[in-house]
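Labels run A, B, C, D and E following the written order; every chain starts at residue 1.
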Amino acid sequence: MTQTIVIDPVTRIEGHAKISIYLDNDGSVRDAQFHVTEFRGFERFCIGRPFWEMPAITARICGICPISHILASAKAGDALLAVEIPPAADKLRRLMNLGQIIQSHALSFFHLSGPDLFLGYESDPAKRNIFGLIAAEPDFARGGIRLRQFGQEIIEALGGRKIHPAWAVPGGVRSGISAEVRAAFRQRLPEAMDVTRKAMARFKTVLDASDEEVRSYGFFPSLFAGMVTPEGNWEHHGGKLRVRDAEGQILADQVKADAYQQLFGEASEAWSYLKFPYYQPLGYPDGIYRVGPLARLNVCDQVGTPLADAELTEMRQRAGHRMVTASFYYHYARLIEILAALELVTQLLDDPDLGSSVLRADAGVNHLEAVGCSEAPRGSLFHHYQVDKNGLITYLNLIIATGQNNLAMNQTVAQIARHYLRGDRLEEGLLNRVEAGIRAYDPCLSCSTHAVGQAAFAISLIGPDGRVVDHAVR
Amino acid sequence: MNRLKLATVWLGGCSGCHMSLLDLDEWLIDLAAHVELVYSPIADQKTFPEGVDLALVEGAIANEEHLELIQDVRERSRMVIALGDCAVTGNVTALRNPLGEARSILQQVYIEHGDPRGILPSTPGIVPILLDQVVPIHMIIPVDLFLAGCPPSGPRIRAVLEALLAGTPPELAGGFG
Amino acid sequence: MKRHQYRADALIEVLHKAQELYGHLTEDRLLAIAHSLHLPPSRVYGVATFYHFFSLTPQGEHSCTVCLGTACYVKGAMELLATLETESGLRAGSTSADGKLSLLTARCLGACGIAPAVIVDGNVAGHADPEVMRARVRALLDED
Amino acid sequence: MEFQDLQIMAEQERSRRKAIRIHCCTSSGCQASGALELFHQLQAAVEAAGQSERVDIVGVGCMGFCGQGPMVSVEADGVLFEHVRPEQAPEIIASLDGGPCNVKQGDHAHPFFARQLHIVRRNGGVIDPERIEEYIAVGGYQALYHVLHEMSPAEVIDAITRSGLRGRGGAGYPTGLKWATVAKSPGERKFVICNGDEGDPGAFMDRSILESDPHLILEGMSIAAYAVGADQGYLYVRGEYPLAIARLQKAIAQARKHDLLGSQIFDTSFNFRVDIRVGAGAFVCGEETALIASIEGRRGQPRPRPPYPAEHGLWGYPTLINNVETFGNIAPIITNGADWYAGIGTERSKGTKVFALTGKVRNTGLIEVPMGMTIREIVEELGGGTPDGTPVKGVQTGGPSGGCIPEALFDTPVDYESLAEVGSIMGSGGMVVMDATTNMVEIARFYMEFCMDESCGKCVPCRTGTVQMYRLLSKISAGQATAADLATLEQLCHLLRETSLCGLGQSAPNPVQSTLRYFREEYERLLRKRVTINLTSR
Amino acid sequence: MAARTLTINGTLISARSNETVLEAAREAGISIPTLCHLDGLSEVGACRLCLVEIAGSAKLQPACHTTVTEGMEVQTDTPRLKAHRRAIVELLFAERNHICAVCVASGHCELQQLAVEVGMSHVRYEYLSPDCSVDISHARFGIDHNRCVLCTRCVRACDEVEGVHTWDIAGRGTNARLITDLNVPWGEATSCTSCGKCLLACPTGAIFSRGSTVAELERDASRIATIVAARNERW
């Protein structure tokens, strides 16, 4: 008799999801699926609204990374106005995005995955959470909480509030930052840096003991995509797209955001509200690619800041390959990016441009279509708008970072299930490993239910036994 | 001292209210001394437990799973707080309401914008059926307190929790958006 | 309009006349009325859309108006309307695609003594029987 | 024109009458049943029978028994025919000379007729409304003459006050008091408006009066104008009443021709013009200030009162607004005296009231009964109970502003105070009978839908409160509501009553509240414990 | 001008004889919530928020439209009035799509402020969720019907202060909506002088200046009264 194990809901991720693991008669794992169960319909209800409202509306897609949406949306707006925004505005936006990378990565590492990494996959589920971590390792947890707080306070200092600040707008930003605030942040940087480096050290000891997890938590070749600077360095805001394969081969480089559709298509399946983006030239489902911290570090040549670059080199050495294909390393990549962000914040706080009061460019609607792209903590995010001559949205498509990891997450779930589950014994701790594998991607599923595209669609014919009989892609 | 059993629930929304809760930062450590987190998206319990003292509910009722969960939340909790505008008013989650039937919205999002042979997410028991109209939670169950805001700021959440822990009535009115 | 000396307060009378002459009020006509009575166009539009009597869309060649006043309601006007909606394929308040028939409802014709009442092309029919009315509507729709 | 001229005209008219007068109802109700064709066939039959010298066929106004129409009566003998078909015309003519006649005969002694008292409707079914001569022949315009020559405005107002007449539009405001207020309000001009915007579904009294006896209303308006000092009147008539409008236009033209309207009426300094304003389909225009806005050519939206139209009305001038039936009582009061009128009816409600008796009742039509008659008498005796004997459940009076009165309270006398006490209102006079099969929640929903559609949209409670109430009633009706929904509904009733800008919104909860008061179990039966929500179809 | 003495909430107050209860109360520092009232414009008494209890009158009276009389006893803040006000504000929130979180006027919106004032913690009524449009065809302004409360302050400002009457209300009941000229897109309304008085008068985010982003729209509605006063003095 076949059997299905359902993990519902998947917890300690940013969103609503469940996992089905399908077992064969002999108890072996036949397949596993990662289902996203939320749908909100932004693509539809934003139609008919002015594009300048989009940053604030699309921010409400996600409470974890609203800044990514605000920035991608504002950039799409810049392009509709066809303006180059004032340099100070660009730098302030960068500063805010760095704040977001710090807070979001800290959240993922300490609050969400920390309990797995530092309390253990098999620890008491009732205590396997941030409160449990506080109880077990108060100083370590406090450091993580304060690191996240630091990121949130950068956002608040710029945007007036920590979550959903209405700040970045088409043409620039609404307010600057005072010298006093900058000074205050400078003072707090050393502590943040210290927490990060300690976390890095802690993680490495975990990593040393996680050989099995490294080889089973999404360890497979795939493409990687992310933005890079014109020089090919790590980029988090602006920049152009680069795609590398698992061997490090560059398949596409310096592709502008508005050509994203040449690179990526989207498929949908009956069993998830989350779509399945894939690398267009390879088709669905072969065009599997990963985005986010690990992908960004894989596609770039180097970060461009000394401490982060040193760590990047070490990570590549530890993985034994230029291209790190084990998703367990997402945690490592996240810490490296926090480090990079702190280094860049240090630089930016001293930038004289930041004091400028010229923050916003104004223009009428000059383009009727635009794509704005930002590197969200979880990967590349695209906002694609079409407007009428007055500026009312007539079409809206959002390619969400997490969606682009959908194929990889499904493959990861199946891999972990096959590795750990044999059917004769099903323990909670084993199932938690399946979830932990997903948590490595830090999926943000609030974001993830909104993608639409002119993409190909997959149709799965499922037989009476639940088996996929046929699979067609167009 | 018997710790208060706290649950946090995330329905149709963006998780911003939960993030705001986390923005209490180090006060969370103080809170941990007074409460036991028995159900939450940031904790690992899969079913909503019995005997909850306080349930903070973020998000609106948008699909059949929310509908079922919120009934459990009400039946098993002493006090239910609607946390944030989505739970209190429907807010951005309810922006799809004027468009009518959920099915036609899904159709537009998954099919009309792409390949007409595309498929709708629809597997029974896997992807929950959407409600045609997203509604705030008090339309389904009695709610004890309403804490509006998109999201309510950390300090406002803290003020409410502190008042409740101290057994005094919290200030709640207003503060939409 | 001359008869009303182009007085602003004659607006409703003028709209009545225009509707009587042309069947419905087009935007051009409303604008012309606004100009001659020296009224802001928005006010003319506001008045024209306030009153149920005025129609900004063309009505069908034939009309069938079901009274939904209380007396008619109590005597089965809703069932009667449902029958006619099914027969004509029209929702109350709409006109068939070929412009043949408008199926309308009225608030009360004041013909309560002979409820339920229906007006077909201006003629009131009392004690209206669903089957008889169904046949009349069919005939209007099938007419060449 | 002089008084003598009136008498001469009346004499001439009476003398040219033929031996036999056959009255054929040509009101819109009977027209809908083929009365016009019948009228022509009767004329043809008279001719064919060679009876033209002896028999007159007269198209008259409403006889009241609308459910039995078309109706024909033969004057003098008092024979009454019902449900007459055009092809039966020769039979009726033949019957004058004793020929066999199978046409259904009515009975004047039938309680439907016998228990009535006609003041406003005294000429209905008796005179040809399209000929001023017939009105004059029955004494028309003598009251106006009397007033202009023999009474001061103050005396007129005093007479109306003493008669105890109260407004027949619904609220029952003392007419004399209203007139006095307008009379003493300072203003360069004053206006008299007749409110013929009879919007209540289930009511057609005013329509019938206007169609049957238009001069009665013109005369009443003229007397009012004299009393308050107005020189211009407006008759605001629903657009749904084309026949009434046509007959009023004819009547105004005839009155003008005979100098009964216009300048120096009856050779006095009294001038009075009347114009018709045709309503365009807005129930709210029955409200005084909305009606004024409509006459001024604006959206028919009410404004807060005070100031009342009596002080600040049409174009800011003092304005008297009474409804059709109120004006219909004026000439009779002048003619017969205030004391006569005050002797009819009850302590606080004087005179008669015209009702449109409809719904699940055997005898439907218009009735005019003295105030104080009980509902039971009206429904059971005049109305004859339900057509098929199903028990009566209640009556609805006052339309969307009124309420349902259960059978148990049928001994309530019809007067302003008693009806208000049981949660309804006199209203303009709609009386719809409901039997045991009537679903009272549906009835409440029906009226709420009406109020929602007719809300002008100006004030918040009415504009959107009616929508909420309608939705709640629909939810209850569909069996999807909880006790909490019912509580919300009741709160909204309270809100609308207390905060709405005008009578429409203030009284919109009446049908709900009265059905809740008397038929609450019909609501409660439909409630459920848990909230249910319809899932979208896959 | 003759003076009148009256009591409001038990406090003895003197007012000029032609003043409204609202004016008298405000001068005495007693606040009565309003929405359709705007200093400088005529009164319509439509929002019903300023209803007050007056001793001797069974009916509640709008403070904005009721003139003070000698010895009048006014109550502005009874539990009954509070309950009604809260219900009315709730009805307004339920009527259209007021999403404060993403509204240009958030933080500067009279409706949002009213919700706080009347203690509206949530809306008990069903959200009607009408499908309303946004018109940004005008070169400088836009109107979002989702946020309109039909107070007609824009209509009156345009008609009474600017003297143009570009705005009016079409339809009726809950289907009523603002129009410009003959129901044309605002940008095509030839009567509009682009003076912006409607923007000043609007209490919510319904009328906004183009490009305004969330919570960015700040206006000073009192400027309408200033303009009217300045004009009256000059004439």
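The criterion applied here is as follows: a contact is a pair of C-beta atoms (placed from the backbone, for glycine too) under 8 Å apart; a residue touches a chain by one contact, two chains touch by 3 or more.
Keep in mind that what you see is a predicted model, and the values were worked out from it rather than measured.
Shared contact partners of chain C and chain E comprise D.
Taking A-E and D-E together, the chain pair joined by more C-beta contacts is D-E. Of all chains, the one whose CA centroid is most distant from that of chain B is D.
Each chain's centre was taken as the mean of its CA atoms, and the one lying most distant from chain A is D. Taking the mean of all protein Cα atoms as the centre, the chain whose own Cα mean lies nearest is E. Separating the CA-averaged centres of chain B and chain E is a span of 34 Å.
Chain B and chain D have Cα centroids lying 57 Å from one another.
Averaging C-alpha coordinates per chain places the centre of chain A 73 Å away from that of chain D. Chain D has its Cα centroid 23 Å from the Cα centroid of chain C.
Listed for chain A are residues 57, 60, 164, each touching two or more other chains.
Residue positions 282, 299, 453-454, 456 of chain D each touch two or more of the other chains.
Each of the following residues of chain C touches two or more other chains: 43, 46, 50.
Applying the touch definition to all chain combinations yields A-B, A-E, B-D, B-E, C-D, C-E, D-E.
Remark: chain A residues 48-50, 52-53, 55-57, 60, 164, 166, 169-170, 174, 362, 390-392 touch chain E in the complex.
For chain E in complex with chain A, the touching residues are 101-102, 104, 133-134, 136-137, 142, 187, 210-216.
Listing the residues of chain E that touch chain B in their complex gives 93, 97, 99-103, 106-107, 112, 115-117, 119-124, 126-127, 129-132, 215.
Every residue of chain E that touches chain C in the complex is listed here, in rising order: 159, 164-172, 179-183, 189, 191.
Contacts from chain C toward chain D in the complex involve residues 7-13, 15-16, 43, 46-47, 50-54, 68-75, 106-115, 117, 123-127.
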